[in-house]
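Questions regarding the structure given below will be posed in turn.
Letters are used for the chains, namely A, B, C, D, E and F, taken in the order the chains are written, and counting of residues starts over at 1 for each.
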Amino acid sequence: MRTDGRQYDETRAVTITPHYIKHAEGSVLIEVGDTKVICTASIEERVPPFMKGQGRGWITAEYSMLPRATQVRNQREAAKGKIGGRTMEIQRLIGRALRSVVNLEALGERTITLDCDVIQADGGTRTTSITGAFVALCMAVNKLIQGGKLSKSPITDYLASVSVGVVKNQVCLDLNYEEDSQAKVDMNVVMTGLGKFVEVQGTGEESPFTREELNDLLAAAEIGIQAMIGKQKDTLGPLTAVVGAGANAANAKK
Amino acid sequence: MRTDGRQYDETRAVTITPHYIKHAEGSVLIEVGDTKVICTASIEERVPPFMKGQGRGWITAEYSMLPRATQVRNQREAAKGKIGGRTMEIQRLIGRALRSVVNLEALGERTITLDCDVIQADGGTRTTSITGAFVALCMAVNKLIQGGKLSKSPITDYLASVSVGVVKNQVCLDLNYEEDSQAKVDMNVVMTGLGKFVEVQGTGEESPFTREELNDLLAAAEIGIQAMIGKQKDTLGPLTAVVGAGANAANAKK
Amino acid sequence: MRTDGRQYDETRAVTITPHYIKHAEGSVLIEVGDTKVICTASIEERVPPFMKGQGRGWITAEYSMLPRATQVRNQREAAKGKIGGRTMEIQRLIGRALRSVVNLEALGERTITLDCDVIQADGGTRTTSITGAFVALCMAVNKLIQGGKLSKSPITDYLASVSVGVVKNQVCLDLNYEEDSQAKVDMNVVMTGLGKFVEVQGTGEESPFTREELNDLLAAAEIGIQAMIGKQKDTLGPLTAVVGAGANAANAKK
Amino acid sequence: MRTDGRQYDETRAVTITPHYIKHAEGSVLIEVGDTKVICTASIEERVPPFMKGQGRGWITAEYSMLPRATQVRNQREAAKGKIGGRTMEIQRLIGRALRSVVNLEALGERTITLDCDVIQADGGTRTTSITGAFVALCMAVNKLIQGGKLSKSPITDYLASVSVGVVKNQVCLDLNYEEDSQAKVDMNVVMTGLGKFVEVQGTGEESPFTREELNDLLAAAEIGIQAMIGKQKDTLGPLTAVVGAGANAANAKK
Amino acid sequence: MRTDGRQYDETRAVTITPHYIKHAEGSVLIEVGDTKVICTASIEERVPPFMKGQGRGWITAEYSMLPRATQVRNQREAAKGKIGGRTMEIQRLIGRALRSVVNLEALGERTITLDCDVIQADGGTRTTSITGAFVALCMAVNKLIQGGKLSKSPITDYLASVSVGVVKNQVCLDLNYEEDSQAKVDMNVVMTGLGKFVEVQGTGEESPFTREELNDLLAAAEIGIQAMIGKQKDTLGPLTAVVGAGANAANAKK
Amino acid sequence: MRTDGRQYDETRAVTITPHYIKHAEGSVLIEVGDTKVICTASIEERVPPFMKGQGRGWITAEYSMLPRATQVRNQREAAKGKIGGRTMEIQRLIGRALRSVVNLEALGERTITLDCDVIQADGGTRTTSITGAFVALCMAVNKLIQGGKLSKSPITDYLASVSVGVVKNQVCLDLNYEEDSQAKVDMNVVMTGLGKFVEVQGTGEESPFTREELNDLLAAAEIGIQAMIGKQKDTLGPLTAVVGAGANAANAKK
């Protein structure tokens, strides 16, 4: 058993509160255990300079933590005058993951920016950000459809993410901060509703891992991701913005 | 009557939720109308280099807005690589205001940093930050007392802040964003429980103002600040960290 | 009596040397006691991007101190790679104050930048900068009129500034550096020729202040500001660029 | 067959030139096809501040490309004033990978910095950097042993890296730039001499991938990595700095 | 004849006003024609980290122009967030030149910083800065001697600088801005009182120059530099801080 | 005799390897003794904003050292977030020198950027960069001619550079790092094939120098520069891009 009483393949409690920030086109407060992230989706009717005139849209993400989201206060990146490597890595990951389930041509020449701001951190902030940002993105797309700017959704499948790891020689799902600090192997996985991989990022800095461990980690991740997608569907309700094969398959599984 | 139905000398609804962030020594979510700010107090057992060895403590503040706290998304200051003038002005104001009611010698050689992060903005974010940060500061001081690190509180009086302004030739208390955009005169006032001024910052860029208008603005501010202090007392309860003349007078008024 | 022999409501000696820098459209060296500031006004026939096409002009200001303007050498902000909070606060104040007496529509789509460079500092550098910059601004406007680019002046009133404070329990006008270091309350006031307030910025970080003290401080400030405006008139002479109610009233007072 | 005539599971030609930079404690020019990277190892007899006094050493890496390493000239990061997200991600990856095969306690309180400078890029620059940096690291460790500063090597296994991907629905090993631009799935794998995974970073931004594809990609990567380790052994010769289980197993395979 | 009526080998009028800034240990306003520079010398009783414990002092310089020192307003380097290449080149030159006539061992472990701030520019700002900074440096050294911190001066010779150039095929001494813009060859020369070269920086970007032209330029520079040194002696008076061979020779020439 | 056995007026061995980087329009690896620099020329069909529409081209240069090009590892300028003074000085020098032998009107509205990256440093990196960059520039110009974008070359003469200095009271040509560290006088000279001076930068920070020493230094530099130009001709072969008086004279000398 784990220190917080969970089974090895059990996620923490997940709560997704939609419409959390009134100004944003889409927004949620997502809580996975004690990790809390505000995710907002902001629509702009233009694309970055390098994409102009191609008839395609863009999805991008930014990630940050409040200084006291963590046990020890962190200096703000604005105060340091630059964004750190960890933050860059995470925001590149979030953007890339979300783009994998969006048909950018169908989105049209507009940008949706997903801001993921961690207000309390207890492990899994990047995976929680992806899971929450997907819901905010769907809400923003619904707004475009309701406003007549899009006739159908460019989102092709559900998308969620969890962390898995090897803690005390045991494969565990959805690590909290305490477990994460002790993990010998740490892996973040992003999958679609159809069960395909979008990102697999495993690292064994403390201890290289075998092919068997990799297999077990991926199996645990799949369980967690499907649970996350269930919560996303509950939040989005019947007015979901997900279409195509992914949505069909997901609906069939319901 | 005002657009949101308030009297001219009426504040918006105020809610202060304590213990909002589990890691911080003090924290609140303060809501004044639709303006929402997370205020955390973080204690460090050291002072900035320029204060070392003087036997005095330090209180400092940082302020930021989430990118989508506002109607139109703002670029992050971390992404710009520097903190803007408005942010600097506000965080200097918050720190200065809080220091005015703290006996830094009695605090001892430690620093308390107040982080004020606006998650939703609808006017008055700097004044709301001051009012909320004061509560977080008291909570952190209580923790120092409970932990035996301080025998009595170094906080000498209550402290709160409101904005006032001249909107359509009418002196108004606690402006929301819509009113703030139309105001010809804009003033932020910080006062203590004893009714003394800590900061008076009035600006008539759109239209210089007379001594009479100034008097009316200050009178409205005093009403609002005493209301804010009432909410602070409700939140802090009997275990308040405020001592000395300010606390005594405030208690007498109860 | 004060350490330099002045009355409590007496300013230091004021000298304004016009045409101090040959390249600038307007320029002065202003000396208030030992505080010396070079103020230049530079005209550009364009406005910042956010104002384009609105038919309005813009007035902005920058402020800096030479490294050895102060008793101890300060590091240059260019060497630090960023502008500090104090500098930002001051240059925002100067720009805002000057704009309050300029009809931006009447100025037309052009920008006047006021550069205030403190070459020697002895208290009151921001208020001295405002008083000097107003004269440089008038000189630049006169140049526009003489060059046929403007038919009449967009400046609606005189504008000057002084600091006041409570030093050793005594309200004092125009603090020098030594007094400023000892002041419990510190206030900068900007007023127009008609006697209206443009900015009131009072701070009692060391000791909150009462309404009575505030009243006395404002009264002292008014005396000082009218003295400063007298010096401005002497410098500008009959060819003043100030028009409208402010100028009329000021002339009537002569 | 591939555009350059290779088999799907064939790497490009690999050349490792040791002692390429005379000042460095370890250095190579590694060429994998037309990708050319100078890797140097620099020893400093101190550790970063956050590690002081723990009796452990540190391995870190930096990565850069010459401006004209690429088809179109890239602006220097020094000229931009900041390091981009891609560079940060890569240098964090290289450092993490190398640390996984070094016993930091056995290294002692010293830092070895691996600089990987790409002088010509044709795909796989990050994996080539890891493979080359490992050799430079071994050379530097040998120097420490020869100089009497270490009695035995802290390196516990061989380490190399390759990229794999799905190009035109075919799993390919060691993608060149042209293939990389067309790949639907892109994966970088780092493995040890014993065949354990250190990093698995797969991304299907263009097209999510199945578990079967993942398995095939990992199998191809293993072939490539063992080929790279063979080249490393040829370069290092009998005086290899690799010890322990990894070295033993590797030697047994010879 | 030149546009301002000077002979080809004639400098502009030179004025050096000592004690220009009251806080600095040494200061002058130097005017060479319409070029005006404030030079201050600031003493700190410490050396930069890289020189600690060597028993030697350090001389360094910084250079800047007020934004409106020039015909067209320049953006401040503090606003740009970095110091430009031209500024760096100039401040390195000033520091290097001054160090050539100071015995750093004799100075002791202290730093003298020369700040050269151009308040009005009309050609030759770097050479004027060197000539003025030398006087400020001597004043600061005199203060150290008077304060008993040094028993004798570490300055070994006089030092001054002028620009020379080829304008309309004519070698000219001390170019003003108009001449400088037309010069095909531009050279800055720094010499000692003894007539030795400290810096020779000639550039013929517009038109490479011959050995004969170089000889003529150096001859003109020598005339100008001796004139500048004459002005320095007049300013410093009998209490000069220059000692040793340079001073002796210079005195002999008087 | 010198420590490496050379005569006082003898350069080190020079090797120029053309076509070193496949993507660049021109590129060489130039080795002068143990100093090794990669020089690439990149053509862009546009000019910087300040030159647009003038019908003239632009030549610019950037310079950098790999961190371990030197005996002790240097921090990267990208990591520091800014380019240092020495680097700026050098890249300004390289650009200026090359422009002196290019007819910018004849080049047309395009930019050629010369990147000089020092991979191993042993004295004379800036002069070696100039000599190598000239060859890369010629190669790029030949490409423009071969591609029909230019009908004839805009390069008007050969150009090369060497360092000279006074070491142990002896004028020496082409100093290596050890000599450079001991030099009392240090001079970099850039000359054309016709023997005219483009840059003369001599500095005697350690010891001012006489007119006689200056003459001897220039004579040694001329010998070295003609040797460098000989190597450039050997590399460029008959298809040289140099035209006009410079080329003619140079050919005549052959």
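Following the convention adopted for this analysis, a contact is a pair of C-beta atoms (placed from the backbone, for glycine too) under 8 Å apart; a residue touches a chain by one contact, two chains touch by 3 or more.
The chain lineup, named per UniProt: A, B, C, D, E, F = Ribonuclease PH.
Here the structure is a predicted model, which means the values were calculated and not measured.
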Path length in the contact graph (subunit D to subunit E, fewest steps): 2
Cα superposition angle of subunit B on its copy subunit F, in degrees to the nearest 5: 180
Subunit B-subunit E separation of Cα centroids, rounded to whole Å: 52
Cα-centroid distance, subunit A relative to subunit D, in whole angstrom: 29
Multi-chain contact residues (two or more partners), subunit C: 81-83
Topology of the chain contact graph, where touching chains are joined (line, ring, star, complete, other): ring
Order around the closed ring of chains, commencing at subunit A, then subunit B: A, B, C, E, F, D
Residues of subunit F that touch subunit D when the two form their complex: 21-24, 27, 34, 38, 40, 42, 44, 62, 64, 66-71, 73, 76-83, 87, 113, 115, 117, 119-120
Subunit A partner contacts - residues on subunit D that touch it in the complex: 82-86, 88-89, 91-92, 96-97, 99-101, 157, 187, 191-192, 194, 196-211, 214, 218
